[in-house]
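In the two complexes that follow, chain A is the common piece, with chain B as its partner first and chain C second.
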Partner chain A sequence: MQGSMSKDVMTTLVVSAALIWALPLMVSTYTLTILIIYGMLGLSLGLIWGFGGIICFGQAAYFGLGAYTYAIAAINFGESTIPMLLAVIVPAIFAALLGLMMFYGRLTDVYLGVITLVVMLILFKFINSTAGPQYVIGNARLGGYNGIPGFQTLNVPGDPSAYIWGDAYFYVCAVMLALVFILVSALLRSSFGRIAVGIRENETRMSLMGYDIRARKTILFSIGAAIAGLAGALFANWSEIVTPSLFSLRQSAEIIIWCIVGGFSNRVGPIFGAAGLAYIKILLGQQSMVDNTLIMGIILVVFVLFLPKGLVPAVAELWNISFGRRKRGASRSGRRVRNRGKANG
Partner chain B sequence: MAEIVLETQGLTMRFGGVVAANNVDFTLHARELRCLIGPNGAGKSTFFKCVTGLQTPTEGQVFMRGEETTQWMSHEIASLGVGIKTQNPNVLDSLSVFENIWLAARRFHTPIEANRKSQEIIERLALSSIARADLGQLAHGERQRVELGLVAVGDPWLVLLDEPAAGMSAEDVERMTEIIHELNKSAAIVIVEHDMQFIRSIAENVTVFHQGSVLMEDHVDLVMADQTVRNVYLGKKA
Partner chain C sequence: MDLSAVIFIEILYAVASLIMISAGLAVVFGMMKVINLAHGEFMMMGGYTTITAVNLGVNVFVAMLIIAPLIVGLIGLVVERLVIRHLYGRLIDTMLATWGLSLFFIGIVTMIFGNTTTGISTPIPGFTVGNYQINGYNFFIILVAIALVILLYAVLKGTRAGLIARGTMQRPDMAASLGYSPDRIYMATFFCGSALSGLAGAVLAPLVGLVPTSGAAYIAKAFITVIAGGPSLIAGLVSSSTVFGIISQTFSFAVSPVMGEVALLVAAVVLLRLLPQGVTGKFFKGKL
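Right, the complex of A and B next:
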């Protein structure tokens, strides 16, 4: 349980640097940027579902809130630094309020999923119906189904005319994902993270140990929303327009599929699942012979049937079997045990 | 007279028309060890759940060290320093023995102190050889022992155990008895139990439940010799 955080940070930095150097040699930085953003979004759901056991069918709500908050604030402030901060804070506060209602109301399992889904659909409906001129926040018109275009994109802090775009924007997004990954790793290694894993495993036992699971779930849910909000803000900068489709059911379903395919209960799985499936979708979008939704559906069915834990845990298990990593103490029974890192991802 | 650590006054729990616990008055003093016995459906487990905050009683009051805890949730009661073990092993299956005990210790100690306390409990409960094994892989008796470790690591002043010896081998029961006696040096203990041999080996005073009410409360030998209690256990009219 006591792992070396510094080793984790070093590994993350080395792998990130290698990928940041190698990937642009194969794929355009424009495409890589959106894959990174989706990876961050996948990580946000992986954190709350995989480590906190919170079933959330509406993670797109916080992604959309982050994007809209950024766009609205960027129009009003005329620069990007404060809007980026607000894009993290607003979804976090929204999720905290929703979490207070859900977790202190003792909602569990599928009811959580239904509530989060319904909240996302309400936001989708609401934003879609804001086409009229009366729907204005400061100088920003919400724009209804047309969305909000033409806002200030990312700039060097303190200099609104120094835009960060193209390859530079890719590097910013990559560094941000690495930072978020390191922060999530630190969180999961902390007492709070270990307790969250305990709550995922057995809420009653953790409660009998004296832990208030409602407060901890609310905080974790809020952190997941903050990460999704950051991804939303980065998406808004990438696409230069935000539309109600960010809150759509399709968007939420895709995030869940990314996490299922990549693997929930680890930090890397949702990122690879998101980036991999989004890239496949981009490639499929370049042809018209096969409907890409059909292909995505087939991939999901194959994974659910044959690799229910997801790709990354399956590869890790294969690695363990091949190289025979065993836990001390379990060897007395000669039984192979799972990866020790699972509790911390 | 020792301090009263647990008291219920008129505790009643109804499920629709069924009265599972009926006007139960119960008192437990510091460092006392009391077994709750009775046939199936007597209301022992319902009483246990009401006291531990897993259920809220329909009527009556629960006091712990003089503080009313009737409406409290189980995490609030556990935070007082009350160790609770439920009927079925309630552990974190995919985490190791050490991780389980560390999480229980962390609630009351700093991370470093939690490490030390966990190690200490693991050695005391003879769990060192399986400390890194996942709970899901262990035998029933080992899981029960680990759960007792979760209870003990918080240095409780009141321990509430629901059928700790259920499904255990004679050797495991013997070890469990030792651990409970060790715990009893610093904590009052309530044990809900069926196994009369285990009860005789561990308790002096027992409370007999029947049809949701307290039928008798006395020394274990007197209770076992009582004809009414025998009739209740044999299913005859009390």
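Right, the complex of A and C next:
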């Protein structure tokens, strides 16, 4: 296991270095930054849904929570290091509390979807209604529908006047994504990750084997929220304003669409799904002939109907069929249905 | 006295509108275990159909109660044949596909009608109770909701079609072996569910300004109500609508409309935590 992990890290580093070098030659770094942030957000849902089997319709809640935490903390502290940490910790704690409630109540399946969705809507409604001056945290006004503008953006740790922006910020985000990706890989290779996949496959069996599935699901859910929170904080830095639309149903829908198109149950699928679709959306936004939403809708329906495993697994399978040396087991992974993808990531 | 009467009517109205909003979704979910996330958009299209028909000179009640359900039902039929019938038995996939459909419909309606607010005036004048003005249209909605529940019950319990439908709901394989095609029955059910969504959208249209994205306001509420209602169709629908309607309206009066909405959502979370299979998973078991 150890050997393949280091190989994994090497591959990740080489590929991401190549991408970080090559992509700015084609697309502006400003656009790339947001694509990377969405990729991280997609990865967070891919982790908990694809590998943990936790159906979460409200992943945007943690994204928004991370962004708001960062904005509020940045206004109060006047620098960005502690707010960045808080933006990871607060969503994680929030998700852990929610997870305690949901998983210890033995909620599964579509009921999880409802609760996560509802919690996101509660946050959305609450933040939307905080326009008045009485809603203040420290020096930061929550601002209701208008959101919070004008907070301190990312700076070099320890020097609040040295801002990181533009190209430099792109590299920061790209490195962050690579780091998160490596951490997720390590997590999935660890016994915790393999047990999580086991729980996805058969909860009863895993609990009969003596694993505390409730605690494990809660922890996994919380890790997913932490990643989404980090993505939210990076987003806040990129857009320099946070608004309640971060919590919206549309945002959550988009995250799910990214994962479906890219493919759940593998690590790169959600990232490429997110970046690819977000890029298509930006391109589509430049024309006004066909409505944007319509195309996203068609993409989702077509993928659910014809390619339910997603693009990346389908391409991988095609590659295996055309060029792959048929190993024992390699052909088996191709036949598995969705939500039961490669156990080792 | 006047105030309590007004509050009572408002609570009734809240319950009735929740029943209207959720009925279409409940029929489809109860019968076919399919969650139609395009439900909100079906309602939105019901509203647009009504407004278009009224602008063309059709009587507003004909437009609301006949034309809108028919048109939306037909749209539902097309959707069922093209997309949903391939996905039966895959709950999450149907949810995702219908979510895609909802985006698709928002896009189409935006292209046809534009991203502007349209509306019609309420066809029934208001009246006063003591010092308070009551919207007469609220009574109409309460009446339609009651009629709807009675009609649903009567059809499911009293007619042959209802018997077949209930049989298919319990054991599709058994119904198939007795010579009824579940495929056809599901198709008919989806038509009825869509028509109910269209009706709800049409009836509520005069109360709201319609925009292509209006559906999003309904879908979350309807989804929550249906899931919290649990497996029994009518008992679940009525009981969860009553609970949520009372809670949200009480908080709206006591604190603010926003808190009313939040209270509804919090109530849903608490309810599902206590009764993970919905209200009728525990009470009214085996009822319709």
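Note that the second predicted complex is superposed on the first by the 324 of 345 C-alpha atoms of A that agree within 3 Å, B and C clash if a C-alpha of one lies under 4 Å from a C-alpha of the other, contacts with A are read in each partner's own complex, and residues count from 1 in each chain.
Keep this in mind: a residue touches a chain if its C-beta (ideal position, glycine included) is under 8 Å from a C-beta of that chain, and two chains touch if they have at least 3 such contacts.
Predicted, not measured: the structure shown is a model, and the values here were computed from it.
In the superposition on chain A, A:298 makes contact with chain C only, not with chain B. When the two structures are aligned on the shared chain, A:26 is found in touch with neither chain B nor chain C. Among chain B and chain C, the chain that touches a larger number of residues in chain A is C. Contact with chain C, but none with chain B, is seen for A:256 once the two complexes are overlaid on the shared chain.
In the superposition on chain A, A:206 makes contact with chain B only, while chain C stays out of contact range. By the touch criterion defined above, A:55 lies against chain C but remains apart from chain B after alignment on the C-alpha atoms of chain A. Touch criterion met: A:101 reaches chain C, while chain B stays clear of it.
By the touch criterion defined above, A:119 lies against chain C but remains apart from chain B after alignment on the C-alpha atoms of chain A. Those residues of chain A lying in contact with chain C across their complex are 55, 101-102, 105-107, 109-111, 113-115, 117-119, 121-122, 125-126, 128-129, 249-250, 253, 256-257, 260, 290-301, 304-305, 308.
Contact residues of chain B toward chain A in the complex are 52, 54, 73-76, 78-79, 84-86, 90-99, 102-104, 106-108, 111, 115, 129-134, 137, 150, 154.
Against chain A, the residues of chain C that register as touching in their complex are 35, 83, 86-87, 91-93, 95-97, 99-108, 110-111, 216, 219-220, 223-224, 227-228, 256, 258, 261-262, 265-266, 268-269, 272-273, 276. Across the complex, chain B is touched by residues 1-2, 191, 194-195, 197-198, 201-202, 204-213, 327-330, 332-333, 335, 337-338, 340, 342-343 of chain A.
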